[in-house]
Amino acid sequence: MSTPFLHARLDVPGRLHATVTADAGDVVAVVGPNGAGKTTLVRCLAGLLPDSGELTVDGRSWSTPHALPRDRRVGHVVQGRDLFPHLSARENVAFGLRARGVDRRTARARATTELERLGVGALADRRPHQLSGGQAQRVAIARALVTEPRLLLLDEPFTGLDVGVAATLRVELARHLASYDGVVVLVTHDAVDALTLGTRMVVLEDGRVAQTGTPTEVAARPRTDHVARLVGLNLVAAADGAGLLAFRPSAVTLSPTEPSGSARLRWAGQVSQLTPYGDGVRVGVRTSTGQDLIADVTAAAVAELLLQPGTPVWASTKETAVVRYPVDA
Amino acid sequence: MSTPFLHARLDVPGRLHATVTADAGDVVAVVGPNGAGKTTLVRCLAGLLPDSGELTVDGRSWSTPHALPRDRRVGHVVQGRDLFPHLSARENVAFGLRARGVDRRTARARATTELERLGVGALADRRPHQLSGGQAQRVAIARALVTEPRLLLLDEPFTGLDVGVAATLRVELARHLASYDGVVVLVTHDAVDALTLGTRMVVLEDGRVAQTGTPTEVAARPRTDHVARLVGLNLVAAADGAGLLAFRPSAVTLSPTEPSGSARLRWAGQVSQLTPYGDGVRVGVRTSTGQDLIADVTAAAVAELLLQPGTPVWASTKETAVVRYPVDA
Amino acid sequence: DDDTGAGTTDGELSGSITVAAAASLTETFEDLAEQFEAEHDGVEVDLVFDSSGTLADQAAEGAPGDVLATADLRSMERAADAQAEEPVVFATNDLVLVAPADNPAGVTGLDSLDDPDVTYVICVETAPCGGLSAEALADAGVEREPASLEPDVKATLSRVVEDEADAGLVYRTDALAAGDDVQTFDLPERLTTEYPITLLDQSRNTAVAQAFIDFVLSSAGAEVFAAAGFGTP
Amino acid sequence: MTARSPLGRAPALLWVPALVAVVFLVVPLVALVVATPWASFIDDLRTPEVRAALWLSLRTSLATVVACALVGTPLAWVLARVEFRGRGLVRALVTVPLVLPPVVAGVALLAALGRSGLLGAPLRDATGLTLPYTTAAVVLAHTFVALPFYVISVEGALRSAGEAFDEAAAVLGATRWHTFRRVTLPLALPGVVAGGVLAWARSLGEFGATVTFAGNYPGTTQTMPSRIYAVYLDDPAAARTLAMILLLASVGVLLLLRNRWLTPGAAA
Amino acid sequence: MTARSPLGRAPALLWVPALVAVVFLVVPLVALVVATPWASFIDDLRTPEVRAALWLSLRTSLATVVACALVGTPLAWVLARVEFRGRGLVRALVTVPLVLPPVVAGVALLAALGRSGLLGAPLRDATGLTLPYTTAAVVLAHTFVALPFYVISVEGALRSAGEAFDEAAAVLGATRWHTFRRVTLPLALPGVVAGGVLAWARSLGEFGATVTFAGNYPGTTQTMPSRIYAVYLDDPAAARTLAMILLLASVGVLLLLRNRWLTPGAAA
């Protein structure tokens, strides 16, 4: 097997111990709870955090000898703001080109084009403090894209973007993927982003890789609570310890007494929360074994069962609605 | 009619001209494209931006004479980070209590409780720079909640939060709403948040209120492209100029030739983009009249119609799937 | 402050006085103060040294002090308002030419100063020694300009001692104090300055102050001054 | 001079001039150390005059820092945070004493606070007190000379700390004073400490203004620099030993401070 | 003193001490103005010595600022951004010249760069050049005294500007030098300008080190403070007029600068 385009074994004591690989053209969606180490991973790839690991990109080692950030050709959009406050939006975007020796006129022209592509061409002369949060985020993305990086690191890039722009950006990304053979690392808390844009998915938890695979695999067989919640599935350990069970909230039935009949999987518990959801209501149930389940039911059912937080209730689902798989497939 | 709990007529030249009212207990969801003036609105309510308008909260005027931020009893969670970098998470949360004269021990205890409620109790002694983005966001929310404000201003508070925490926070907010009679102003780009948490919705566009109403009303009859996209509807002007038409992407049929039959609404156009979406594919169509439509179709349909960007296509929908309403209802 | 000066008790002197004296009087006045204190039990003499002009101005401003001794009559005049009596000249000093111990430029007298290889310094014209130096150079017909006009005579001497200048014009007492560090050349004409002393208006212990002035003017004083190279008025 | 950092080595264009600067500052110190007659060091340290001068210098320089902190910090805050008409003028006026030669500063202080001065005369008529030639006058002279350094440096720090956190504190219910104490000041602490060090150092070395305004009396107004100057007039070599004593004392204080306040960590 | 702001009025606890500070700094200046014999102002300004001294002061103080900027900015950057062993020591060494009384600074410079000094003697043997009594020596003396002020103030500004933007620039492909010029320096500009003003002012008022190291000769080494001191020895009143000339000249320069560099807008 040939070496992958990106091969990273990253090690930051106490914060991250993870191996990530990707082929040219891959979009690696990194998901995980807050504090899982996603930003840490991205910063290691950019060369901003010292780590003791191995990193190979496009056949070249970036770890021995340690390559400086400026020599890595990465694009980086960070969580939070780091636009240069003393430069206009256009100068911010042109910065990376100028730093790489592109002449002023060309750099400005390309910066303007990139800003226009992201819908903020009219704001090119504003300073960051004169931009709204979402406008600033778009400028930051333009700044990362314009240098045509080999490795594009996006740490929650769609944060604060309005729906229209987020959609545009997805198209932008698709365009980039089609026309170049680098790797995109996309950190996100959004299931749709991870599933629709990612070609691989990496689930981080406590600094370790809890699961990898294609988005479809991961979504179908989540291995952690976090991913299950992310893709909107209930995840429980099988009673016989023989594996994991995943099933949709809509496949959960609530009843006041222990259900008999074909619903073979059942849990006694209490209603923990009620939220309107779509046309119905999403009900959180905490089972007597301490498991959290979600059930999507109709408003009529809520009224009929007199559900409110604290109401004792039985949750059950049919064996046929459940995907069953081993813990370490 | 009695005066509402919150009555704001806000005026910031060139950025905002909007009137917002809310009753005690309301959650006002503010939505709108980037740069619409949402943050500006929130900062005016907090007293951080000078505006020439009128503002009455709970029967008292905050505009004549101008009330200082510290006298307003508002809670404010901002877009971006503003945790005090020199204080630990606990000290950050305790700050507002201490500033209002609560003794040190009580303040620390309440801060700890609040941090625990938000799932970051274990990080109470860390400084902001030692927190991940989402962890910091939770501390910021705890800091705003702990002072039990009359007006809670949340500027994209769920940004960067993992799914589990965002859910917890929704419960937290619900708890707050049940136990006190203030007003929450929630700025969000997330349709689910706006629809499930809001009791009123304010749509801002270019610094003006483009639409208000209950979330259900607004979602059912969006008056701007932005809201339509937000709630996932297509919005077109009726051909006879007599109103607006809204319909779901799943109600749109694509065909290679002009459809005959019951589909009375039809548009010729070109495919602009294709994105995997759930089990199917979301297809963007730009009509020859320059309108953008979205159609959700099956993967099989895409293959059959050989759809790819640029493919000419007819989009149509049945009159029965369409909600029709006047422009200024 | 009332307890500092007790004046006379049964003809016995007691208490402390402050004597402000020109910097060039440092060693001699320290010597005299010690002798004076030894002669009068319970008397203390505090000494303050600075440039004459500064001390005179401070005395005029009312600075605490009992006796003022300056290095020239001009500065003494600046304290005219604070003088309790006519100043009396108690010593004189005259200008000499000095060169570093190894005399690197081979200086032999004022004539050498016209040599372009000789770097020499004198006092600035506004300082007492500066006026005399200008006179000396004019008398000798020296045309080359000095390298620097030092703010006071000690700075001038220091340039020579430190080998930063090949020659300088200073007072005989300074040259003598520098000992082996300098070679000294007498000038063809003696150019002297006079040192006056006076009792100050603000004195709180006039008895001791007057006794100290008398001691300075006594033969014991003259001995100390002569040893340091001063002339007698 | 250089070390590994994730951002790469320091470029020669920066570290070469930095090295030049260090050499330029250090060589004269080394030369001074070499030229010091160390034999007399301990004896000089034992002289009561020297000990009195050193002690006075330490006390007055400390008092100067306290005075600067008490009135200079508020002034820096007002200049950095409050918009008012004439702010530019006040800032210029604060800078002016910087350019006064020290002796002139002393003359100005005499003209203002001397016994026949603008404020000194009424003060004397009212209370019988005169300021010149007292230890208080030394502190006043030092403060006059050091305050502008303090204010300019602290104002810069306050400005760069920014107002965003002030806003957050205000919304949380803090008064401006509470905000100042708990947020603004702690955030600007590195700059405040730097300003304090500048003021302290300026005070410790100040000589011209002190001698002119406060005089040069052992025990009450003769600070180390005045003593050094007095001795220098008489015996330059001896003056060097004294200078070395002042130097070592201040380096001691600095090292003590560095460890507590000025480490990179404290600035984070 | 106070004005409207969204955050409220300045509290008395801050503006009262600020007012005290301003009064304390301004009253001596006013007294100096009052005590100046203005009649002779124009005549004094016409004296060739005074004009030469003023011109020399302006030239040398400007040269000093340039020298500080050229070597001091890199040194401040190294201290703020590069971690290396002995950084604490270097920082302490840089602070030490601050506490030297000016005359001692002059003595130290002589010991190092005088014609029989540590470096001065070899320099003279090799090239025949000596530094004392030259205008270059004036600039060296001023730089020695002013550089620490500059470095400490600029290091503080660089620290508070933070490293986040340096990182962003590095990832965008900028070298450290490019980052320094285009990001770090512009962001720290208010602090750099403040440092420059401090250095310039310190240079303009410096007297002790200059006289001791460079000497005092009209046209080449007699700066305004030296001239003022020389005149003061003989005629304090006349010295005040000269001081006023220096003061007005520097206020003029400051106002010119303020408008171009030091306005609040430029700091944003």
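For this structure, a couple of remarks:
The letters A, B, C, D and E name the chains in turn, as written, and every chain counts its residues from 1.
Going forward, contacts are C-beta pairs under 8 Å (C-beta built on N, C-alpha and C of every residue); 3 or more make two chains touch, one makes a residue touch a chain.
On a predicted model such as this, the values are computed, not experimentally measured, just so you know.
Shared contact partners of chain A and chain E comprise B, D. With contact taken as defined at the outset, chain C and chain E are each touched by D. When you average the Cα atoms of each chain and compare centres, the chain farthest from chain B turns out to be C. Using the average of C-alpha coordinates as each chain's centre, C ends up farthest from chain A. Averaging C-alpha coordinates per chain places the centre of chain B 54 Å away from that of chain D. Distance between chain centres (mean CA atoms), chain B to chain C: 87 Å.
With centres taken as mean Cα positions, chain D sits 34 Å from chain C. Within chain A, the positions touching two or more other chains are listed as 47-48, 68-70. Residue positions of chain C touching 2 or more other chains: 152, 162.
Under the contact definition stated at the top, the residues of chain E that touch 2 or more other chains are 6-8, 167, 170, 175, 229, 232, 236.
The complete set of chain-chain contacts reads A-B, A-D, A-E, B-D, B-E, C-D, C-E, D-E. Those residues of chain D whose C-beta lies close enough to touch chain B in the complex are 164-165, 167-175, 178, 182-183, 186-187, 189, 268. Those residues of chain D whose C-beta lies close enough to touch chain C in the complex are 110, 114-116, 130, 132-133, 211-212, 215-218, 230, 232-234, 236.
Residue ranges on chain D touching chain A, taken from their complex, read 6-8.
Contact residues on chain A toward chain D in their complex (touch as defined above): 47-50, 68-70. Every residue of chain D that touches chain E in the complex is listed here, in rising order: 1-3, 5-11, 13-18, 20-22, 24-32, 34-35, 70-75, 77-78, 81-85, 87-88, 90-105, 107-109, 111-113, 117-119, 143-144, 147-149, 151-153, 155-157, 159-161, 166-167, 170, 175-177, 179-180, 188, 190-191, 194, 197-198, 201-202, 204-208, 224-225, 228-229, 232, 236, 239-240, 243, 246-247, 250-251, 254-255, 258, 262-264, 267.
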